[in-house]
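Two complexes come next, and they have one chain in common, chain A, joined by chain B in the first and chain C in the second.
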Partner chain A sequence: MQVTIRTATVLTSKQLNQIKTKINKKYGSKVEYVQRVDPNLIGGISLTIASKEFDASVKGKLDNLKDQLKKAF
Partner chain B sequence: MEIQFFQILFQIINFSVVLGVVTFLLYKPIQKILDERAKRIKAGQEAADQAIIEKEEINKQKSQNTKDAEKTASDLLEAAKKQALTQKKEILAATKKEAEAERQKMLDSWQQEKTNLKKQYQQQMIEAVITTTEKVIAKKMTSKIDQELIDRELDSILAKI
Partner chain C sequence: MSAKSKSNFNQDLNSILKLSQQIKSLDLSVAPQSVGYIQSFGDGVVRLIGLDDVQAGELLDLGEGNLGLALNLEKDNVGAVALGKSQKLTAGQRVTKTNRLLSVPVADEIIGRIVNGLGEVIDGKGQFTAKKYMPLEKVAPGVITRQSVTQPVQTGIKAIDAMIPIGRGQRELIIGDRSTGKSAIALGTILNQADQKMICVYVAIGQKRSSVAQMEKILADRGAMDYTVMVAATASETAAQQFLAPYTGQAIAEYFLEQGKDVLIIFDDLTKHAQAYREISLLLRRPSGREAYPGDVFYLHSRLLERACRLNKDYGGGSITALPIIETQANDVSAYIPTNVISITDGQIYLETDLFNQGMKPAINVGLSVSRVGSSAQIKAMKQVAGTMKLDLAQLRELEAFAQFSSDLDEQTKSQLDRGLRVKSVLKQGWDQPLRVEEQVMVIFAAVNGFLDQVQEDKVQLWEKEYLEYLNSNQMNLLTKIAFEQKIDDDLTAKISAVVKKFNSMNEDLMIKKEADENQNAS
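The block that comes next holds the complex of A and B.
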């Protein structure tokens, strides 16, 4: 299984370990981690585990806000 | 001069005979002819009178027919005028109704166009605001702020996994 970690800046080792600990606990140790630095995210973090995305990036939140505003009007 | 009685008598008898003969031969036929002539004249007169009466009757009838025809023509004209007026009113009403429907259609179309434009404008405004916000945040973002943000978000993300 592959886990993709995207951030706008490089993760600290503490942060990376925190992520790996949690994921390995749930999915086991046979997980491949891919880190990507994507300035388009602006800030925050986005995790993709298998095909499921957990987006807590600034870009993701602003996109979500944009969609909600468009639906409201 | 001596009055001879027998000559006078003879004359009287002679005159009487002549008178009788003339009366018998001439007076009665002539009277008959005159009577017939009078009858013919009378018949002719009566026929003329009758013709005059009939002519008056015909003239009277003609006059009445003319009056009737004029009245009929007048009635027809009046009816035609009424019908034309009714049709004119109907056409006007129909035209007015069509114009009103067209006006309403245009109004509805304009309203819809206005709503669409308003919606389009709002969508564009939202896009512009979000894009500007992204740029402002990107400009203000530092590594330190980002790291703090990641630390804050990690707990909630990992809780969802």
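The block that comes next holds the complex of A and C.
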């Protein structure tokens, strides 16, 4: 299974290990990690586990905000 | 500040406050979102990795406002067809699910409009507000919800209404080579539905835009757009749009069916539809079968045509009558797609190039055409007069070889020949000259009861034209009586015979000259 970690800045090894332990606990140990640094995210982290994306980045929240406001008006 | 600008300022302040309140109330928590990435895109087919839980036939958001349809769910990728123009798609682009199946917006205001294969308005008259979203793929109505077909669809074409009658809820195939008048029959039928309480949907698949524009003009000029919707996926549209157009038309028809209305839907033509589907299937690398068509090309048409039905009272009592059109190559009705659709429909109207070239228009081959609903969909008056017509025409076909020797035949054979030729002549009709059912009954009555035997053979159509003019100006009450009672009793028979005799006597110039016969007898 592949997990892609995207962050705006480079993660410290402590932060990275925290993430990896949590994911390994839930999904087992056969996980392949791919790291990407994308300044467009502004801040926060975006995890893509298999084909499910958990977007907790600032950009993700701003896009979400934009879509929801568009729908309301 | 002036009072007006002060109130504007207050209004703006209020809307800003409202906006900030709304933003505060939004839920921006992180939820898992199914995503995929574009692996490749070419020829309208998008290959995606990811999207493990996508549904078959689900709409996908390809980004940049493009939509796609997930058709191939494979082990390690998803094959989708891009709907619409799909510009700005790049490899690696993120794609998300929309969690909805393909559907089109419909409202009562869609009547008179032209939409494309995806339900988008293309006649430039602005979008209408959707009342309901009808799904393109739907399970056909079950057995218990249906009712047998008993009400007629009056096409206005004598040959069809008399011998190959179509009923409301039937599927009747119009099949023939190119330029034999298939679309003309469809168009003529639409034109005749003005006072028939019928909504028409015309689906143009893969046609030239000029043809669609021409058709729209004809319908608009004759006031037919007041009850017609056009769905057009023309030749330059993507194969995906051409593939979806019939289903869009069917979804629109079902919107009106649910209201209990009668709908006529015409698919022009399903051959191009099958070709568009073949194109998509081959690009998706699905296994091909006979003539390179995919294995489910039968299911493609059967699931479309099975949705044409007549519902019983408990389900609204509406009906959808389908007239699919198939173009054959060199009159070959035993090719793959024609045989498929013939086995699905409840009969076919077979048009032949030879008849067309001989001047028989509409070029219907009455012998090979059939309507499996038959006379249950005819009013009693029509049944009474048209009963012997098919027999007369069959006898004529047998005798036609002897027509060249007609001076050497005995009296009975000669009169049978003459009668057959006149009945055949009476079936000729202009595509844009539909006749009301009572007019048809009057003309056919005259033909089968021998009142035309004395008319000169090449003057039969002129006779018919003048007879109808005479009826419409002098005998309107007779026509209305037939239209109202819908059957001909003995009293009415006598009245009609008297009218025909009177008309014949008033038009001696159309009759065969009697002095010529006398001269012949004398010599």
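Criterion: the second predicted complex is superposed on the first by the 73 of 73 C-alpha atoms of A that agree within 3 Å, B and C clash if a C-alpha of one lies under 4 Å from a C-alpha of the other, contacts with A are read in each partner's own complex, and residues count from 1 in each chain.
We take it that contacts are C-beta pairs under 8 Å (C-beta built on N, C-alpha and C of every residue); 3 or more make two chains touch, one makes a residue touch a chain.
Every value quoted in this text rests on a predicted model; they were computed, and no experiment measured them.
Chemist: So if we stack both complexes on chain A, do chain B and chain C clash, or do they fit?
Modeler: Overlaying the two complexes on chain A (C-alpha atoms) leaves chain C and chain B fitting together cleanly.
Chemist: With the C-alpha centre of chain A at the apex, what angle separates the C-alpha centres of chain B and chain C, reported to the nearest 10°?
Modeler: After fitting both complexes on chain A, the angle is 30 degrees.
Chemist: Is A:A56 touching anything from chain B or chain C once the two structures are fitted on A? First, second, both or neither.
Modeler: Both chain B and chain C are touched by A:A56.
Chemist: Who wins on chain A residues touched, chain B or chain C?
Modeler: Ranking chain B and chain C by residues of chain A touched puts B first.
Chemist: Determine, under the contact definition given at the top, whether A:I19 touches first (chain B), second (chain C), both, or neither.
Modeler: The first partner, chain B, only.
Chemist: Using the touch definition from the top, say if A:N64 reaches chain B (first), chain C (second), both or neither.
Modeler: second
Chemist: Could you look at A:G43 and tell me whether it touches chain B, chain C, both or neither (first, second, both, neither)?
Modeler: After superposition on chain A, A:G43 lies in contact with chain B alone.
Chemist: For the superposed arrangement, tell me the lowest C-alpha distance between chain B and chain C in Å.
Modeler: In the combined three-chain model, chain B comes within 7 Å of chain C at the C-alpha level.
Chemist: Quick check on my understanding: which residues of chain A belong to both its chain B contact set and its chain C contact set?
Modeler: Touching chain B and chain C on chain A: residues 54, 56, 65, 69.
Chemist: Please name which positions on chain C make contact with chain A in the complex.
Modeler: Counting only chain C, the residues touching chain A are 22-23, 26, 28, 30, 32-36, 49-53.
Chemist: In the complex formed with chain C, which residues of chain A make contact?
Modeler: Per the touch definition, chain A meets chain C at residues 48, 50-56, 60-61, 64-65, 68-69, 72.
Chemist: Looking at the complex, which residues from chain A come into contact with chain B?
Modeler: Against chain B, chain A makes touches at 7-9, 11-12, 15, 18-19, 22-23, 26, 39, 42-45, 47, 49, 54, 56, 58-59, 62-63, 65-66, 69-70, 73.
Chemist: Give the list of chain B residues in touch with chain A in this complex.
Modeler: Within the complex, chain B touches chain A at residues 119, 122-123, 126-127, 130, 133-134, 137-138, 141, 143, 145-147, 149-151, 153-154, 156-158, 160-161.
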